[in-house]
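Two complexes, one shared chain (subunit A), two partners (subunit B, subunit C).
This part shows the complex of A and B:
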């Protein structure tokens, strides 16, 4: 079943995608403005359900690559991601039937919509991370056998780079990151070209729908003066992100952040309102681990989201600052992201953390008041329309 | 007129090319071994005189890119430069009629011969620097309007990168250098694809012949117990490198060298035998400027060559060390490398030196004993056979 995504959907999508971005994935405001402008000119974008894809369609995901700290100051001109897609199409000698996100995030859920609007392409309702991760090999596509190569990079001057590292997605990340750094810290890419069959076998399904429903739940609750955190927990309970936990509530008392080797790296300290205890969160573009008094509350690939304490507005790592009053929530990732193969690609050790993965629902985090864990453990989730 | 270059020519070619490399261009021993092995397997290589090229032939130069300090420890496997050529051919949809060096040097005069031997291609007797320079935009090709893009990079694993920065050869260097650094500091490239007409219009002609004649002059003099420096001066006098000067004679007393941003950068101090004065030479892969007591004796693009004091063996920047007893010579570059357009691309200011170009023959360096400057100022030089 395909459906149309229009400008009226963008506020909810940007909000939900940024929350799923778990600190990274780019700024929601910039991403939303880009797509709004494109949709005003070209109309709404057709969204394809992954189950409806013919097996032999060519799907080429598109994305922004770089440090979110840089993107705040270096906004895309607009044509770059479509230029990257075209470059890869030219190399393969075949046009893509659709594009798709590689991750959820304020920018990277939007970039494929920009490509869809300006290039006249539908966008597949799925992605390769089910959240955001900082590196290109950290894709369910990669985990389940799709090579990221060849990868095309484009910048705002029309310059292009095409990288082919065969099956080696880690080397692909290494070289593409090097080029991105030399392009000023941000670039636009097309990669992980795959068939419709491969999308169905390897992608996290319906994450645009998920972002929309999460965003709408928060916006509706705010409008109706209900608790947005309860609404959020309720929205997740109808998805494959089964468990949601409140990890901490307090005030940001320190943010250490540096842009290095093409990433925004650092840590934040949050002190509880009653002065009782402190949470430390480490990040590499995205939040990686939440630790309270030496106890690990949540760790990648589970989601660690820092939300404004009243509105549940997600705060990205590059915007986080001293004095922010926040609630930190942990969300369980879908089953296909917790397999041994998946944890070997984006588990804690892949980020240099000497830690084991412990599911957030097995940790000491509490349930959000007035909610209960989802009972629906099965794989499918309902499309939003 | 085409001619055959065989394994018996390699010692002289390696020696002469290393001297023309003016401190850079790669180690002669490694380059020579690579081509010797290829010629043992595939036979000699056909060398084409640039004047004989049909206007519409496709010529694709090949080279090694990287810091010479790294190449000493990371020797090529062999197939990389041909893989880069093939990648660029595939991209353009056309086979090259010949390859060509982009610079003179112990490695980079040899890489095209390796490609020629293993790929069954002739090699054009010309290059784009008439010496060695550290950066890709520093080519007479670039000065006179040939774009370096698209550029193909290949490594020993068969991974490839293709970069297209349109007319912007400086950005091409910047991105290719970034990829080279991430490939471990050395990579193999094919770029500046051009027509036979463009070779005739923009290349420094017959520099393989030049390297051979310079190398033979030194080797013959050593064998016959004549002064190799006088033989060297005599050899240059029959070329478009009209003037040769002795700049200094002494012992290396200090070498400061670091491999940084993909280059070997630093400076050497040489003290005269009688303790009277000191010469300082700065380098970025190649020797850039020679200064004695605050007086500039020679500067890029003129050649500054550090030679062992008895044998005239050239010493590359990465091998230079405390205690070396050396004579430093300056050699004038051909007229097409001293035009305002050329100096804007590889004059002193292009290396961050706040200096004017002063021809070495107008400086205070002395003539080499028993020689006189060439009287032949015109453009052409005689092929060696």
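This part shows the complex of A and C:
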């Protein structure tokens, strides 16, 4: 079943994508403006459900790569991501039937929509991270056997580079990162070209709709003066991100950041209002682990989101500061992101944490209650693999 | 002695300050021509406390004129925005995402040209003089009288904006005013460009307002140098004000907070301003308001002005009190307090009535609230104190104790002590806090750049950045010996090599009055 995504959906999508960015992923604001302008000129974008894809269709995902801060200054010319896709099509000698996000958290939720609008391509409602991650090999595509190579990378001057590292996705990340720096710190990529069958086998399904419904839940609840956290619980309960827990409620009392090897690493400490207990969150661009009194409450790849306590506005690691009143929520990720193979690519140890993955729903604490009717209409989820 | 003047939409306040002491304070109505109101206020000041014009070292003015002109979209100059960055940035041209009526009010025209820099200092593309000359011809033909120039990464390298100005000025002649983005905003192209365009549109109004202010002060026989308040609470001279009217935008709340600080003798504190409908809370750090970190919408346009970080809640003297005192606000009788509150003979129970019933204030006819139960009054006042204390608590940036200063007509609603925050400071004369805040005598300089910090060079880079901020403060008129760094911020940028780090530094010093006297 396909559907249309128009400019009126973008504020909710941007909000939901920021939440799924779990503190990182880049501010989707510039991305939202880009898509809005493109849609004004070219009209809405057709979104395809992954289950409806014919097995032999060619799907080429597109994304932005590099430093989100640079995009605040050097806004794209516009055609770069489509140029990357075209370059990869030319290399393969075949046109793509659709594009797709590699990352549904942050600005990369928007880039495929820009490609869709300007190139007249539909966009597949799925991605390879199910959230935001810092590196290109951290993809379910990669975990389940789709190589990222060949990768096409494009800049605003019309330059393109093709990188082919065979099966080695880590080497692909390393080389593409170097080229991105030479291209000015930000570039646009097309990679992980795959068939419709491979999308069904390896992608995290319906994550654009997930971002949209999460964003809408918050915006609608605010408008109607309802509790946005209950609305979030309802929204997640209708997806394969089935568990949502409040990990902590308190005030940020310390934020510590440093840059090592190009990543913003650090930690935030949050103290509860009654002074009883403290939560520590470590991050590397995205939030990695939440620990209360030496007990691990949630760990990557599960989502750890820091939200403003009343409005549920997601707060990125860059913006987080002393005095913020927050609720920290943990959200379970779908089964295909928690297998041993997946954890070997984006589990805790891939971020230098000497910790085991424990599903957030197996930790202490209870679920956030949604409203009753939402659970009654809970979806029957199609098994993913 | 110094004179501080606050020209608001309704009132023109003036104070005569002897160091940090208020020697005289007056309030007059703002006149349609601005000048008359100022002349009247100055005459009233002279009447209250006679002074010789030779005693006055400087006159400082805070005004909301420019931001009001933008919000009301009036008296804006026809403006062209030229951006250097092609082929990058073409997807979002200048004026993108602006409210259409505002673009129309300034007959906004957008031009894209080659130029701009990469984060590492390389040029995106060279400047193309012929392209700029073609744009100049179109700008001239369309009747734009003010030009805003922005260039990608100009806060790191301003050269191309300056070159483009030279080329365009040669084509357009000396009567067209130029506003350059590197002088106005920080990193974030769209937000900086927006602020620059707004500045450009206000240039003609700035000339007439500045001339008007100067002539009204001169008409009062004063010869002391004249300054305008900037967003951050420091001063700019009249020549600067003509060129950067946008730098006055947030001076209202800033002056109010700084005035409160001067009156209370505290330079690091939270300021709680309780009005009729809302309570606004800001924080002063070493005498300067803490700035909001995110983007600020001004008249529907996203900018990154340095605005004070102010948190507001719907509690004020006119707030409705319901449910036997358990619910206060957020709705308020507002300016109708003088007729609708019980103590003024009205029929609405307001927060002011509750304060009167509890014996905290004597306002209006106290007999009209005699029927209220002590319990309900206590409950309502407790709700107010708890909620205000909560906002102050949120605004704190560290666990260190922070004194709290209460100002505004509604501050009678607050108890002697706020829960968990200690005793409240309640200065006199807070009705003219804005004018007092204007009458300070400090100037600032700041930088916001991205540096590549190689192994072991961090200390050198930081020294360099701090020195540059200090140099800028001295260039703006600060007495060299008095300049200090008041704000320093170092944020690493992820995904860039060489530990790229964005550094912001702000230096402030006392105005060197002899150096600028004329």
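In this text, the second predicted complex is superposed on the first by the 345 of 385 C-alpha atoms of A that agree within 3 Å, B and C clash if a C-alpha of one lies under 4 Å from a C-alpha of the other, contacts with A are read in each partner's own complex, and residues count from 1 in each chain.
As a convention for this text, contacts are C-beta pairs under 8 Å (C-beta built on N, C-alpha and C of every residue); 3 or more make two chains touch, one makes a residue touch a chain.
The model shown is predicted, which means the values in this text are computed figures rather than measured ones.
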Once the shared chain is lined up, is A:264 touching subunit B (first), subunit C (second), both, or neither of them? second
Which partner does A:181 contact after superposing on A: first (subunit B), second (subunit C), both, neither? both
Once chain A of both complexes is superposed, is A:37 in touch with subunit B (first), subunit C (second), both, or neither? second
Once the structures are superposed on A, label A:69 by its partner contacts, choosing first (subunit B), second (subunit C), both or neither. second
Which holds for A:319: it touches subunit B only (first), subunit C only (second), both, or neither? second
On subunit A, which partner's contacts cover more residues, subunit B's or subunit C's? C
Based on the superposed arrangement, let me know which partner A:164 touches: subunit B (first), subunit C (second), both, or neither? first
Identify the partner contact of A:341: answer first if only subunit B is touched, second if only subunit C is, both if each is, neither if none is. neither
Show me the subunit A residues, by the header's touch rule, that subunit B contacts in one structure and subunit C contacts in the other. 157-158, 177, 181
Spell out the residues on subunit C that touch subunit A in their complex, using ranges where they run on. 85-92, 96-97, 116, 118-120, 122, 124-125, 152-153, 187-190, 293-294, 393-399, 491-497, 499-502
Parts of subunit B lying in touch with subunit A, wherever the complex brings them together: 157-166, 168, 171, 174-175, 177-179, 181-183
In the complex, go through subunit A and note every residue touching subunit C. 30, 33-34, 36-38, 66-70, 72-78, 134, 156-158, 177, 180-181, 184-185, 251, 253, 257-259, 262-264, 285, 318-319, 321-325
